[in-house]
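Listed after this line are the structures, all set down as structure tokens.
What follows is a pair of complexes built around chain A, which joins chain B in one and chain C in the other.
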Partner chain A sequence: MKGLFSYLIFPGFLFSAFIGLIAGWLDRKITARIQWRKGPPWYQNFLDILKLLGKETIIPEGTSALTFIFSPFFGFLSAVLATTILGRSIIFPREGFLGDLIVVLYLLMIPVISIIIGASASHNPLASLGASREMKMALGYELFFLFCVSVVIIKTNGAIQLGSIINHQMSFKSNIFSFSGFLAFLLLVLFYLPAKLGFVPFDAPEAEQEIIAGTMIEYSGLGLAIFKLTKAILLYTMPVLLIVLFLGKDLSALFLILKYLAILLTVIIIKNTNPRLRIDQVLRLFWGPVGILAFLAVILAGLGY
Partner chain B sequence: MKLYPLFRLDTLNGFIGIFIGLFFVLILIYSLDFMWKKRNLLQYYFYIILTALFSLVVVFTNDLRLLLVFWGLLGLTLYLLINIADDEKASLTAKKTFIIVGGSDCLMLLGIAIIYFLSGTFQMDKIKLSFNSSLTNLAYLCLVIACFAKAGAMPVHSWIPDCAEYAPLTVTAYLPASLDKLLGIYLLARISLDLFVMNSIMNIFLMIIGAITIIAAVMMALIQHNIKRLLGYHAVSQVGYMVLGIGTGVAVGIAGGIFHMLNHAIYKSCLFLSTANVEYRTKTSELDKLGGLAKILPITYLSCLVASLSISGVPPFNGFVSKWMVYQGIIEKLTAYSAQFTAQRFVAILCLVAAMFGSGLTLASFMKLIHGVFLGQDGDNKQVWAEVSWRMWLPTVILAVVCIVFGVFAYPVPLKLFIFPAVKGIDFIGTWHAGLSTLLIILGLVLGISIFSLRDLKPVFRKDRPFMGAETTALELTKVSGVEFYNTIKELKVLSFIYKKAEAGFFDIYEQGKRFVFAIGRGLQYLHNGVLPSYLVWCLLGMLGLFYVIIFK
Partner chain C sequence: MSHKVIIPIGPYHPLQEEPEFFRLYVEGERVVDIDIVIGYNHRGIEELSEHKHFDQVAFLVERICGICSTSHPFAYVNAMEDLAKIEVPERALYIRTIIAEMERIHSHLLWLGLAGHFIGYNTVWMWAWRYREPILDCFEMICGNRNHYAMMKIGGVRRDIEEQHISFLKKTLDEIAKAVDMFKGAIMDDPVIKARLKGIGVLTKKQAIEWSVVGPTARASGVNIDVRRDDPYGAYDRVSWNVIVEKDGDIFAKTKVRILELYESISIIRQCLDKLPKGEIEAVVKEIPSGEGIGRVEAPRGECFHYVRSDGTNRPIRHKVRAPSYMNVASNKVSAVGGTISDAAITLAAVDPCYCCTERVAVIDKSTDKKIMNGWQLIELSQKKTEIIKKIFSKNK
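Let's look at the complex of A and B:
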């Protein structure tokens, strides 16, 4: 029962979706102000979701309808699960299980898989293009992300439990206050977060102007609403994961919110000041310079810096 | 009859025997329809049965001589089974397989001879060697190469992709995908756990081989456009995880490696059998000719999807659990080294990243497969009309269900019954609540469905044609098949160079060996020019030499 409560309400579905939608509003509002527009009211994202739920859902002909309908749900539910595990490890750092970091990382891959499978089931060439780009994007950021995570693992003496990573930082210092930790954190905020959240400049999979939202092209109504909700939840989860990994010294509510806002603002500003990269440029960037820098961070961490 | 000195049953080989039996039965059921009206049927079934019997002997024997003989006989049945396909490509593949596997058997013979020389016995439970001389090292390496050739780790892997492409699919699902993995990794575990006392250098060696195998093979899989060859490369890459797990030398890692061996046998044979279903109906296995089969072969599609997610290590399926244990083993290894051992720590971290990134790459190539075969736009599959018969889908469904059960109930079923008794000194380790998590996901799904089935909230579904560029007619002309999915990666500068080399057989030990042998042969050919006087000169020179030896010594 306790599991169900934390899964559905706090810190799971309702809570994270609420924060995520508000954060999404913040994104829209700041973007609007940068472009000298007024921007929507704070409840706009909630209305959007409600409206989408009421619309009819169009299923492409000649495809596996069940796959098309259900794949958004699996991505959504596992994002909620990852959020729940993460949230509980912040509230009760001692209650987690060994290796929950790896479980969370893998659960956070499932939304990507669900987007790819859903897009493949769309029976549309543009969706297929989007799916292939989504996968390449994931391959791109996954490599340096793993290097950055190994920096944390080295720094905390082989902890792969979120709770013990937090505890280690509480009793020593945040991982960011070292050369390797800072480098890794910087790479993650500048490159990983926008790519994982599908923000410009790394939004080639769902480029509206080129491939008409690619992976989402055939989705409407219910399925689209679920995808949007998943995005919102990830907008809450991903920065919090970074905070836990690198800024875990003080996780009281006020500091948590401040840290979260700072990361969110950085991502939004990057989004509004950069043009979209082509997918091959993204791969070259992520496997080239960014990957090498992340590798450097691992070496630094191994040497104790 | 007293079996003991020759045979021995313990916790490690018991469950492997059970699974050999399972795969044997499933392949038999499957072959009833798949091989129907093919030629050489009698031989085929005879070899399948022989293979199962030989494998059982190899697994349960306690005598190194018996192991060697039946290990060699398994190479022979593999050769004969690949030859069943009865065309030129298959017989070339069979030859290649036989040379690589048979060659490694020679090394095994040498290794066993050295072991006998050092310990004076052939009984496996009486041998315990530690690495204090170069002879021991040599013996271990010889045996390891034999295991690698059987299981298909680099650098002796190159027969597996060829075998997957040209041999009958049931044979591939039976031998390289399941039985050979079980046997090769079983022997690796046996020698690393029981026969030798591992030291840190050997551990690092195994880990590096494992990591290289994972990454290199999966990168090759990424660019394949034949499903069978793609799966073949994955059969190589997954061996990397097992070798890596056993190489950690930590109880969790070893258990993870052995569990991964079991899981791999299950989902890989499921994948090969699903591919066989597809090929049976469409008569092709090229990705650009397939597409949109999910509607026509729904059962095959679902079991293939489950197996694909398992092999990519997606929770809550079984591949995730074993990979997770391997990672944990590596991390434990990492913390076991104190700060002075920078190099070792570094290797461990690189192996960890290679293993985790390798699982991302695996996912990528399976997304391509699922997209290209089952989803995506329709291929030229006009002759397909219905799902295959139950004798063909039942084995795939059984294997897919086992994937789910071994993942969700990982701790109570496979780990507790099979794996943990086999590995000594395991102190488990916080479980990840696969059961609870799955339950929560299912509950969420049920809740969602029940909310949306309320009268006022019921979503309205409508079917319509897909839409692109404001029209629907252009769709048939623009098909994105799986072939060009990762061309961007193939065209990256450094990778394209490596790929070109790899496709030319540069990293294939067989091709290189062939080149070497032919180079020697050319030298000898030059001498054999068929001119009588030159032979006479050779005879004369030889005679002079003999006289010299006889007279002056």
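Let's look at the complex of A and C:
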């Protein structure tokens, strides 16, 4: 019963979706203000989801219907599960299980895989282009993401439990206050977050002007709503994961919100001051300079900096 | 791997607002061939024009395009004046030049915004269009309309630029010059924009000549042509300005040409305003003799050409229009092939294909579903706004 409550309501589905949709509104509003527009009211994203739920779900001819319909749920459920584990480990740092960090990392990859599967199943050349771009993108960012996470594990004396990472930072100092930690955090905020969340400059898989929303092109109604909810939940989960890993010294509500807003704002500003990169440029960037810097951060962490 | 897939861009696609159809043949992400299908927007303007009298045709050709809505009438009146050997008053020539250059400013800013949008840089889009707004206000001040200015008339112009308009115009030009400075800095020095635009969609000088491209598209490829200098009309031979030519032929060069042309346009307008002679704004035209005439104008997108033949009646018996995009769009066949799909999207847009949009608006009260504004009321609203703008500059003078 308690597990179900955490999964469905707090800190799982309802809570994270609410925060994520509000954060999505913040993104839209700030973007609009930067662009001399007015922006939507705060409840716009909720209305969008509600409206989508009432729309017909169209299954294109020639698709594998089962895969097409269920892949959104597949990603959504694992995103909620990851969020729940992460949320509980913030509230009860001592209750986690050994290796929950690894589990969260795996679960957070599944939404991407579900998008790839769904797009590949939708029998549309633009969607398969989007899927192939999404796959390349994931191959690009997961590598240096894992490097950056290893920095945290090294810094906290090999802890692979979220709770003990938090405890370690509480009793010593936040991981960001070391040279390697800072470098890893910077790389994650500047490159990993926009790529994972599908923001400009790393939104090639959904490029509206090139491949008309690419991976999402055939989705409508419920399926699209679920994908959007998954995105919203990730918009809440990913920054919070970074806070837990790098800024875990003070996790009281006020500081959590301030840190979250700071990260969100950075991502939004990056989004609004850059054009979209081509997918080959993204790969070259992630496997080149960014990957090397992340590897350097691991070595520095190993040397104790 | 030679698995060809067709990626359609059009007839309706978020990339381009007007109906055009590009069929991209791609292998993976690489574009190996492209089919260009145009003609979705055919409205039979040439045939229509043969059923209108000479004065009406100026209004008709204005509606060929919403963006270069002064280039077509300008080319048409040039053709008519060539046909009937009309001497146009000096002041009218200057006013025509001012209007044409103001149009170039608004058109280039519009393209700059769209180009930003096409590479996913929506901030540039919104900002460019925001700074385009003052120039539209100037148009509204001078001729009462934001678009479709109806200034050109056989033998002169329909409205004068009054003394009190000039200070307002100059102030707006200062504002726009500052904005252009900002765009120049923000776009030319941005490493990510350079990565996206440099060396992409290259049209070499040889290809540019072979495909007969015109305007900024040609000038970015090192072809030094500009009707304003090569076959002067209006008051272009009475002011000093430069033709901007770049060598690279890529999209970055096209962007650079357009941004630098904004400075030239601003300088041309300033000189015209300073030199504006006193006198009549139109010559009296009684009769159009039989014969033929051609008119050429450097529209924002390139050379716009009009040919008119008359048999002595009050209607043209043949009216031929060639818009610049007709030449430029075809060159995508060489410039877009070989790049990736992402490059193709911006390459197709880099020739600034011209589109027109006409839309009627009704404002509806959300709660009662009642129409609170229809077309006529919107026109009244627009007239009120014009009054307000007139008041503003009358205070400023």
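FYI, the second predicted complex is superposed on the first by the 305 of 305 C-alpha atoms of A that agree within 3 Å, B and C clash if a C-alpha of one lies under 4 Å from a C-alpha of the other, contacts with A are read in each partner's own complex, and residues count from 1 in each chain.
Throughout what follows, a residue touches a chain if its C-beta (ideal position, glycine included) is under 8 Å from a C-beta of that chain, and two chains touch if they have at least 3 such contacts.
Quick caveat: nothing in here was measured; it's all calculated off a predicted structure.
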Task = For A:Q35, decide between first (touching chain B), second (touching chain C), both and neither.
result = second
Message = On the A-aligned overlay, A:E95 touches which partner chain: chain B = first, chain C = second, or both, or neither?
response = neither
Inquiry  = For the overlaid complexes, name the partner, chain B or chain C, with more touching residues on chain A.
reply    = B
First (chain B), second (chain C), both or neither touched by A:I160 = first
Task = Based on the superposed arrangement, let me know which partner A:I58 touches: chain B (first), chain C (second), both, or neither?
result = first
Inquiry  = According to the stated criteria, A:L107 is in contact with first (chain B), second (chain C), both, or neither; which is it?
reply    = first
Task = Return first, second, both or neither, reflecting whether A:I279 touches chain B, chain C, both chains, or no partner chain.
result = both
Ask   = Of the partners chain B and chain C, which touch A:V298 in the superposed model: first, second, both, neither?
value = first
Query = Just chain B (first), just chain C (second), both, or neither: which does A:S120 touch?
reply = first
Key: Which of chain B and chain C A:V200 touches, first, second, both or neither   = second
Query = For chain A, which residues belong to both interfaces, chain B and chain C?
reply = 125-126, 129, 132, 212, 279-280
Key: chain B partner contacts - residues on chain A that touch it in the complex   = 3-4, 7-8, 13, 53, 55-65, 67, 69, 73-74, 77-78, 80-81, 84, 96-100, 102-103, 105-107, 109-110, 113, 116-117, 120-126, 128-129, 131-132, 135-136, 138-139, 142-143, 146-147, 150, 153-154, 157-158, 160-161, 212, 217-218, 221-222, 279-280, 283-284, 287, 298-299, 302-304
Key: Contact footprint of chain A on chain B as seen in their complex   = 292, 294-295, 298, 301, 309, 313-315, 320, 324, 327-328, 331-332, 334-335, 339, 342, 345-346, 349, 352-353, 356-357, 360-361, 363-364, 367-368, 370-371, 374-378, 429-433, 436-437, 440-441, 443-445, 447-448, 452, 457, 459-468, 475, 478-480, 484-486, 488-489, 491-492
Request  = Would you tell me which residues of chain A are touching chain C in their complex?
outcome  = 31, 34-37, 125-126, 129, 132, 200-201, 203-204, 207-212, 272-281
Ask   = For chain C, which residues count as touching chain A in their complex?
value = 5-7, 13-15, 26, 28-29, 116-127, 130, 190, 192-193, 195-196, 340-345
